[in-house]
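Each of the next two complexes has chain A plus one more chain, namely chain B in the first and chain C in the second.
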Partner chain A sequence: MSTRILTKADLAGLVADLLSAGTRVVAPARVDNPQVAAYRPIASFDEARLDGPLPPRSPKEFFLPPTEVLLRWQKKKDGIELQEVATEHPKQVILGARPCDVAAVEILDKVMGWDYRDELWFGRREATTIVSLACRGVDKSCFCTAVGSGPDAQKGADILLVPSDGDAYLAQILTPKGQALVEAHAQRFGEASGAEAAKSFREAATRKVASNLPIEATKLSGWLADNYEHELWKRLAMRCHGCGACAAVCPTCHCFDIVDEPEGIDRGVRRRNWDTCQAGKFTVHASGHNPRGTQNERFRQRVLHKFSIYPKRFGELLCTGCGRCARACPAGMDLPEILGQIAKLAGAGVPTGGTK
Partner chain B sequence: MNLYQPYLMRIEEAVDETPDTRTFKLVFQDPKVAESFDFQAGQFGEYSAFGEGESTFCIASSPTRKGYIECSFKEAGKVTGALRKLGVGDTIGFRGPYGNRFPVGQMEGHDVVFIAGGIGLAPVRCAIWNVLDQREKVGDVTIVYGARSVGDLVYKRELEGWAKRSDVKLWQAVEPGGEAPDWKGEIGLVPAIVEKAAPRSADAFAVVCGPPIMIKLTLPVLEKLGFSEERVFTTLENRMKCGLGKCGRCNIGPVYVCKDGPVFSAKELKALPQEL
Partner chain C sequence: MKELRQIAAKLLTDGAVKVVIGWEEGPRGARAAFVTRPEDAERLIFDARCVQNLATYLSPRRRHVVGLGKAAVVAKPCDAKAIAGLIRESQVKREDVVILGVRCGGVVREPTMPASLTAETVADRCGICETREPTLYDHLIGEPQPEPPRVTRREEQIAALMQKTPQERFAFWSQQLERCIRCHACREVCPMCFCEQCVADKTRPVWIESSSHPRANFAWQMTRVMHQAGRCVDCGECERACPVGIPLNLLTRYTAQSVEKRFGHKPSDDPSIAAPIGTFRSDDSQEFIR
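So, the complex of A and B:
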């Protein structure tokens, strides 16, 4: 791993280079509402808002689109003809994504790759270089430090930028893909300097987030598995509407539905669409029987999947502590606060003076 | 070819088992796929009616019968409704085989009891034929099958065949009020008929499938009869979309039914959270 320095002017130049070479650049960027940013393809560096507000949605849609075509079919005289979709994708760079968002992509590689390899996911993964930007901590809903991560985490990134002296970023080159990007644009990167400033940025951000939820969420797995019938699960989700906003904004929620849609009387598409375990119909059997018939059971599933099932299966929490679910919930379901309650029961760190 | 791209299959035969249940015999359109396709008893697939979507059923035919597969399904929604409208010569999509299998190999030298209710006979039938096609390899074979009424019994032609075999003990049952005037079988619920049939349990295997409540009430009967919970198997049919362990739908606690199942021993079932 090596380190370089990248000034803001050189970063703008790098983006211009990439765009002129035909690479798609996705970054947190302005949208019509000035209070909001969104991860979207940018046409120039001016559109990017690297130090702006946290985009309400993570960039997972650039790997797992909210809706995507799996195949096309057409009725012919002697049967059905199928048309495959491409699993190769044009090059893209995701720039300035938060470490929590970037970690999610690497976590999801596990479920997308176990046994059966999802070529649609990995096609986009392979075409993408991720340049993340260390975060200064957003607000009281952040809890990345509680899930074993941090505002300067490297997981999932090919290059991590850390704000340093003045207008410069310290660029940590983490993977061969990151190295290739630096080599292809070597004139944009200078000799490393400003390590002290970057270090104090990281420390300040970590301190800020760590006080939000001082627990170790990696230690909840056993308690969750052993307390399936705990009374907690009978009351926690009484407020939940089952709207699934939490899953839509979550960088690690990846559940999907597969549906057919007509495109004419003799042809149509099969699509994969985002879905959520919080929806009542998610698990309904053909007979009408529903193994998760209440919202409390569905909420338990969401918490267990993230903090017990996924870690047991894949060795990683299915949560990066971004806090989006808590910010997005119209009913005030607050996952970090709930994790605090569970941690107390599980003896995995006791929140002092409340978690908010 | 991406994971979600189905094989195309031609419907060779279509049989109405009951007013709402249909069986298809299917062959692969691509001869190369037909040649290389292999599966084990208990595995399932995703069947598609193009334009409506996919539905999950077990493969109901035995792996000992090469060159085709069969599936049986009950019309219950959009996809099964569209599939039911298809007939001989029509094309459907198939992805699979997915999931684990019944331990047919381990049954060699042992008695085997098959217990099914309603359309639950479909996955069990796969194992029944798998065993009957190598009849000399196992001990006694007992089949207990029940349905709500005579009209709801599936695979009637095969039930007749099994009834005539001297190397199979068949117990057929319908629920009270479900019998026809000429009904010669049992009247009662499956768990009670299993208790009455009282098959020999020493070192025996049992395969059970049916509505969740039937499975739930049959397992204690088998336990009472002395069956080892490690040799009693059932197959679960949770709602699925991908069948590949990705779409996040079919899990029961830590277990993915599509990958760790659909076949589970009674012992494994007991260890799962009660979310069935």
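So, the complex of A and C:
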């Protein structure tokens, strides 16, 4: 599709246009701590921090909230009445999201539409237009290039913005949804220019990230499938607390639990809540047996699901290399380091021997 | 550091322990190390980035660590308080752990920060800590340490919160706890949260809902903090682990202040001093319980 130019002033105008039309705009924005940004709905472009720090949490909660109501029930004389929840969702634009966060949404479409179509997920997907922003690379924990992606990846985005000359972004229009947004706000988008500056931005960012972990994680699935009992797993997660902070901040972790909660003597709600395979109770059977009895087994599951099981079923890694798990871990578990170790064992790519 | 490595290597060589739990250099700063071979003792480090409380790994619910066999653990004074807590509450037998006490001049807020301690970088808890060395140890390691920079920002924040009306405080905590996603990371990292079956995981009946809505989030944090009253060693791990940045230490610290005021009790690294929450005394100052 085509390319346009969008100045910062026009982007501010675009946000104002969207907000006045009643569209929710979610962007990395200031929070009470100035060192931190978070994806949240903004009331004006001034609140956004497009070039600020990486938000510690991914924007997955705007598609899969930490808790949401699936249905309501009420006891009646002649049985139980079920009330469905709406699967139509208000329009939203996710603006300035990192390519790693945006790629995750498209990866998750596969599992959400697999044997059962998750109407809540796709309801939000359809109501959302994603305008991503190419990333300059955050720190040593970034490894998007190792998972076949990159700091300027297009996957999942309707429009990709790349910083260009001065205060402008080169806007790559990637989908009909992106095209529709541009057409509806045509006065905000100019004729494309500054392609050279955008190109050098992309190249510099890719170089920066690629040096962190020069492996091809897409080639690990065979080794992982064949080495379920490898010594590596027996010592891998000694320091892991099983706290699941990694899953909470991960853009691709999507496991949930379903619970019924009473809201009175004769009525209640069914909710789904984020859950994680790192929690000990995640796999406890009704008998009391737990097939993943220790943290080493639970961490192996995390690695296998992302780099072997999901790719085998859906043809894609369940990881976008954002590095949030490593940054969030209070115990120093480090997925890029572990992938480097596995690559060394599997002989895929050239491992750096960690990310020190 | 040399002394620490030598003692660790000797303990492993002599077969006195099967694993030494200390700190090492990781990709993102100092982190826990599990050294099982004498030659790997060279990996051990200790400096102001050794933030994490390693006593957590002694808890019996860490089956993968317990499975390694008898452990030696490197302990700052605050970590020693947690080890004492585990001994006091019958989770660990004193003779089953070798404690490598280290003299401590405070730690920085995050293990990714440089090891230099300033008023800006020092962890809040170290800013008021008066303990430079543990009293519970088998070996005491390192040179005497200077006092960390004195900072009272957390105490001031608590005082300011207590100046507010209950409604204002409720509004503050409502806003903070709105972010809670009920991952329970605060519980998992806590050395004193050792229950095999947490009340928050009970499903028949459900005592605390697992959903992250305000009702359940308040119920969870209130329960957690009350269970820590007089037991919390102020290691700060719950707040550091929280992936959504809730200032949990304000709750635990205020509770500790209350216990100190009402019962004259401060958590110590003497396992023989019982915590008020697990004590009955016929001369209790609280009339209702006598």
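Quick notes
Here is the rule we go by: the second predicted complex is superposed on the first by the 353 of 356 C-alpha atoms of A that agree within 3 Å, B and C clash if a C-alpha of one lies under 4 Å from a C-alpha of the other, contacts with A are read in each partner's own complex, and residues count from 1 in each chain.
Heads up, the rule we're going with is that a contact is a pair of C-beta atoms (placed from the backbone, for glycine too) under 8 Å apart; a residue touches a chain by one contact, two chains touch by 3 or more.
Keep in mind that what you see is a predicted model, and the values were worked out from it rather than measured.
In the superposition on chain A, A:332 contacts chain C only, with no contact to chain B.
Once chain A of one complex is fitted onto chain A of the other, the partner contacts of A:33 are limited to chain C, with no touch recorded for chain B.
In the superposition on chain A, A:291 makes contact with chain B only, while chain C stays out of contact range. In the superposition on chain A, A:77 contacts neither chain B nor chain C. Once chain A of one complex is fitted onto chain A of the other, the partner contacts of A:268 are limited to chain B, with no touch recorded for chain C.
When the two structures are aligned on the shared chain, A:67 is found in touch with chain C, with no touch to chain B. Look at A:259: by the touch rule set out above, it reaches both chain B and chain C. Residue overlap on chain A between its contacts with chain B in one complex and with chain C in the other: 257, 259. Taken in their complex, chain C has these residues touching chain A: 25-34, 52, 56-57, 61-65, 67-68, 111, 181-185, 187-189, 201, 206, 209-213, 237, 240-245. Residues 70-71, 73, 75, 79-80, 82, 84-85, 87, 111-112, 114-120, 225, 228, 254-260, 262, 268, 270, 272, 275, 277, 282-287, 289, 291-292, 297, 301, 304-305, 308-309, 312-313 of chain A are the ones that touch chain B when the two sit in their complex. Against chain C, the residues of chain A that register as touching in their complex are 33, 36, 56-57, 66-67, 140-141, 235, 237-239, 241-245, 247-249, 257, 259, 261, 271, 273-274, 276, 279-281, 293-296, 326-332, 334, 336-337, 354-356. Interface residues of chain B, counted against chain A in their complex, comprise 1-6, 8, 10, 29, 48, 50-55, 74, 76-77, 80, 91, 93, 211-212, 237-239, 241-242, 244-254, 259, 273, 275-276.
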